[in-house]
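Shared between the two complexes below is chain A, which has chain B as its partner in the first and chain C in the second.
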Partner chain A sequence: MKTVGKDIIRPDAYDKIIGKAIYPDDIEIEGMLYAGVKRTTIPYGRVLSINSEEIKKVPGVVAVIDYKMIPGAISHGVIFKDIPTLVKDVFKRVGDCLLLVVAKDKASLKIALDNVKVEYEEYKGVFTVEDALKEDAPILGDGSNILYDIKVKKGDIEKGFEEAAFIAENFYHTQMTEHVFLQPECAVSTIDDDGKINVYVATQYPHYDREEVAKCLDMNEEDIRIINTTIGGAFGGREDINPQCHAALATYITKRPVKVLYSREESVISHSKRHPMKLYYKTGVKDDGKLCALKVRIYGDTGAYASWGMNVLRKSAVHATGPYEIPNVDVRAQAIYTNNPYSGAMRGFGAAQVPLAHEAQMDILAEKLAMHPLQFRYLNAFKVGSVTATLQELKSSVGIKECMEKLAQIDNIQLDKDVRE
Partner chain B sequence: MIKVTMTVNGKLYTREIPPMMRLLDFIRDELKLKGTKEGCGEGECGACTVIIDGDIYNSCMVLATSCEGKRITTIEGISGAELHPIQEAFLEVNAVQCGYCTPGMILSAKALLDKNINATEKEMKEAISGNLCRCTGYQKIIEAVKLAQKKLKKR
Partner chain C sequence: MKKRGIGYAATFYGTGYGNGFPDESRATVEINANGEIILSVEVSDVGSGGISVMWQIASETLNIDRNLIKLQYDNTSKMLDSGTAAASRQTYNTGNAVLDACKKIKINIDKYYNKVEIIKNKKVLTELYQKFISDNQELKYEGYFKATTSQVDLETGIGEPYWPYTFGINRAIVEVDCETGKVDVIDVVAVYDAGKIVNPVLAEGQIIGGVSMGMGYAIMEEVNVLKGSIKNCNYSDYIIPTSKDMPKVTTYFVEANEASGPYGAKGLGEPAMLPTAPAILNAIYDAIGVRLTEFPATCDRILLELKNKGV
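Up next, the complex of A and B:
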């Protein structure tokens, strides 16, 4: 017990305060090349042509790489491998990667990428979950625009609402959110004499990265090494592949060390987002202040690719009741494809959107009951022995009531007296 | 190419550089001082903060050639064998998370406390208002600046 219960200085902090912590962009290697990708500028369509031959002639350009030059898998993804590493023909969002250019320095790379010209056939995309669910909507997923559909049911929802003295029924929307971790994506790859590839990257999933790079290069995982550098923030935004495969591919083809560095703009365009959600909530409460029924429908805009969409919407469904005991629950949550930026992991992972709805419902119902909102929450909050909507019995460590007691002390609210005002 | 001479962390440097080179690139690429970070490249985030003749600047918004004859301080230049009290304070109150904003935060705090050792909390907040921390560690950072102030006053 050298550290438990004590203030300790985190081991990585020292290098960070003296400016010696190494993030990927701080790595420089003799003879290193710079690579970058041309990305789609329209959300949905097909590539007709790219002026790759012209780009090869730009001074300083070392290699121009398209999907045909990828030795292995041409797409990646944490669960479903649906995100193109380089687009074959159809693309589904702004920011999909079309062409990987490798140059001798940053300046030549910029000129080359600025000169890439793409001819598109543009398709009519869908940009709201409502449009994506229409019968004539283009199908973006595997036979459907519904990536994931989960139901959580407990008790008898009809009976529950019959018992209700008050009902609150409302629609809530949450917005797309960007991580804006402060260190833009960067990866540096090198090749050993025996052909093994090393990728230095700030990542949340070195093991997933190794698998994806190995698949992309059609190499054994043992021959790929992912070296995690210091990570300049992540918040879920570094769970999917971003520069890893491109850097490794450029090194594989040129046999040289390569750096891929994103600008802030490219960082924002490329990586996942927090799911924007539309939430329908109908909550019933009995005359005595006890919650009796909850019906929820959640529509998560999962964007163009799957990423963690299933897992995020599952978490929303599981957390839909909030930390409250409700005997009758009917929840359904769907992750729906659109041509928006793809949604994935971000701090809270689907549990961050639902509180807007369940807590607003609690305030509305407290007002209808003429109860103090904290008393109303306290009356319904989980405790040891509570059974959640997914029928999990909470056997230990349920601290919510204790938190509320502390809050009540601060504001001098009597929680255990007759709670009606 | 243009010849430029400036003092960085007490050392005089002369280099022939392209006229449009940013001070940030001069520091990182020419001098190989990697503690100054690029977060946005457009003067919003403050990760590239350096001190020029006592005032803080976003080095991504400054042309290196405009620093002729000036004295620049980067994160590598504020401590010798021992840590600067501001660095100590950042360690002690755990004001460091991902670390990417940290060099800029420390330099903004230093520029403030060098000018006004009696700075108020409000002045501290203003001093770091150009430095973004996305790990949301502002409270600890302000605590660190306050602790550093105490340490510096004792000296």
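Up next, the complex of A and C:
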């Protein structure tokens, strides 16, 4: 092949290296206004009052926008439209957007936002999956705190554990993490003479942003244009809507170009996080080193809003075995609402948490079997024709054993001669 | 006293939205009067090299030098919907849509130019354009691809939730300071099967970034939340690896060809960060004989475990 498989310099490299690449905050337009939002500072409650009238009088303020001024949908979300674009009354997390302020410059905007005063009625929140599953817990979801519940069953789990010579049974707890993309969220919006809205933003999915902005403004999608600038990292953190609708809404109301730029702190507070998970793992292995049974329970803290919670926990359940063929499997995974920051997409997407458990289990069992951990993995690894826990046959391109062979060659380990030490 | 340990971890990753969700990509390719090929495709390059991948697939398929291929990938009014830059799906899914569009125009290009030599001259393309016009050939071609998956049953899990799968294994060597609890990651060997690698140097970059992210996940990173409020909102107190923390990383690819992928390629973006964290955690156990079950393995957690075990 002439091009595929070659170390070609990427077409976007030069502009990035010499500093010519345009990120949203590089865009300056004459007469541009600056907008920002006041966010909730308590995790669960209802808004009683906001001093909007006072904020309108702050020098330099051009517009003060609340949910009533949104022409279309007042919430958004990648699957369920549950995240408030601007809060109507009840909110469920620290960092929800209450009031959109537009000012003629950054300094006036800061003074205005610092002077927003909110009266809340605070509700009792839940902050752990255990508390969220209690009978008297406040209900954050649609009639339940369980957003998603999936079971994966293969073979006969009881019989599988009866065959086991060794069993490892443990609890694991993975932490919440942040994407740490370098470029904080920013969007610039403009309006054409014919009323069409343009939003310049660094995003993972321009057509999705277009759909949400159109719904928010109650406009046709064809009349919204999303221009994806250079993106300063994402890792899943730019999948949900953040500044897009606010910038577009401010332009729609003021008919002026508007920039919304987050500080690092606002960026971290606003976007989704990696699901913290509590994992119960019981893994059984036969005397010959073959895995025979796996029981797993996964509780994912999905936070205040759905985002991709269903898809993330599904991915955890499907990948709970690791890349190994296990004849008897019983997995259950749940995404559970709390008043924590909402969890969503982050590189690895549910398949990043389970390896911390299944790979610890593999080492514990290898030690009990007195086998080298790489040999033990090799003995159980998927190959073409293997059947996964969801009864999917892996029909082609299953290179895990070849990967292990390569590593064994580097580390000088005998993989398949006599698997016992 | 510092103790060394070695750890292994293997992972797999099903790419794409999965679960029967319509996982569609589209691309258009057009020949113009200036002697250029215009490839319009929604590829959001989050740093992964997605733009380069689409460019290379187009150049390979069309047998046209990449400098004659112009990309449009940033404006919703000039490109069709190709879904998210997520789920490690761009190379496989959107790459297949680019392949499809290019194959369609190539059939007509071949009627006028079917030499083995790659087209490097603008003049050749301008002449091709003239012939397309005079013979009334379409100038613009649309490519499409939809990944094949099926919905899983919520009670049994039965189904074909993702396709294809990418695989990887890491071996990590760590050094643990038993007095301070600090873990230094010394060396990581990372071996992956992501099918055919479209751009090896970019893929290696993905892996090094993935190792860094996996390392942060294993021993450093944690968002501290108190009553729903994040307490470490800045990079002064949310700690990630710096270049000085990074181990030596050696990357290998075994390329198990995936027939349904463009030139045999699968996804790599997310799988790149999966095996590193568990390999480091297993190496910590190998070094000091205590196994952490709450992550990350920070200094204080390691010291506490050592104390609890009386080591």
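We take it that the second predicted complex is superposed on the first by the 419 of 421 C-alpha atoms of A that agree within 3 Å, B and C clash if a C-alpha of one lies under 4 Å from a C-alpha of the other, contacts with A are read in each partner's own complex, and residues count from 1 in each chain.
To be clear about the criterion, a residue touches a chain if its C-beta (ideal position, glycine included) is under 8 Å from a C-beta of that chain, and two chains touch if they have at least 3 such contacts.
Only a predicted model underlies this, so the values are computations on that prediction, with no experimental measurement involved.
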With the two structures laid over each other on chain A, which partner does A:R264 touch: chain B (first), chain C (second), both, or neither?
both
Quick check on the superposed pair: does A:A21 touch chain B, chain C, both, or neither? Answer first, second, both or neither.
first
A:F235 contacts which: chain B (first), chain C (second), both, neither?
both
Tell me the contact category for A:N340 with respect to chain B and chain C: first, second, both or neither.
second
In the overlay, work out which of chain B or chain C sits against more residues of chain A.
C
Between chain B (first) and chain C (second), which, if any, makes contact with A:D12: first, second, both or neither?
both
Once the structures are superposed on A, label A:T3 by its partner contacts, choosing first (chain B), second (chain C), both or neither.
second
Should A:Q183 be classified as contacting the first partner (chain B), the second (chain C), both, or neither?
first
Would you sort A:I146 into first (chain B), second (chain C), both or neither based on which partner it touches?
neither
Interface residues of chain A shared between complexes with chain B and chain C
7, 10, 12, 180, 231-235, 264
Contact residues on chain B for chain A in the complex?
32-42, 45, 47, 74-76, 79, 83, 87, 90-92, 94, 96-103, 106, 132-135
Chain A partner, complex, touching residues on chain C are 7-14, 17-19, 42, 44-47, 49, 51-52, 55-57, 59-60, 63, 66, 71, 73-77, 81-87, 118, 152, 154-162, 164-165, 167-169, 171, 189, 191-193, 195-202, 210, 213, 216-217, 221-223, 225, 227-230, 233-235, 238, 240, 252, 254-261, 263-264, 266, 269-270, 273-275, 277-279, 281-282, 285, 291, 293-296
Which of the residues in chain A end up touching chain C in this complex?
1-8, 10-12, 41-44, 93-94, 125, 127, 149-154, 170-178, 180, 203-208, 210, 222, 224-229, 231-236, 238-239, 264-265, 268-269, 273, 304, 311, 314-315, 317-319, 322-323, 331, 338-341, 345, 347-349, 351-352, 355-356, 358-360, 362-364, 373-374, 377, 381-382, 389-392, 394, 396-400, 402-404, 406-407, 410-411
In the complex with chain B, residue positions of chain A that touch it
7, 9-10, 12-23, 25-26, 28, 179-184, 230-235, 263-264
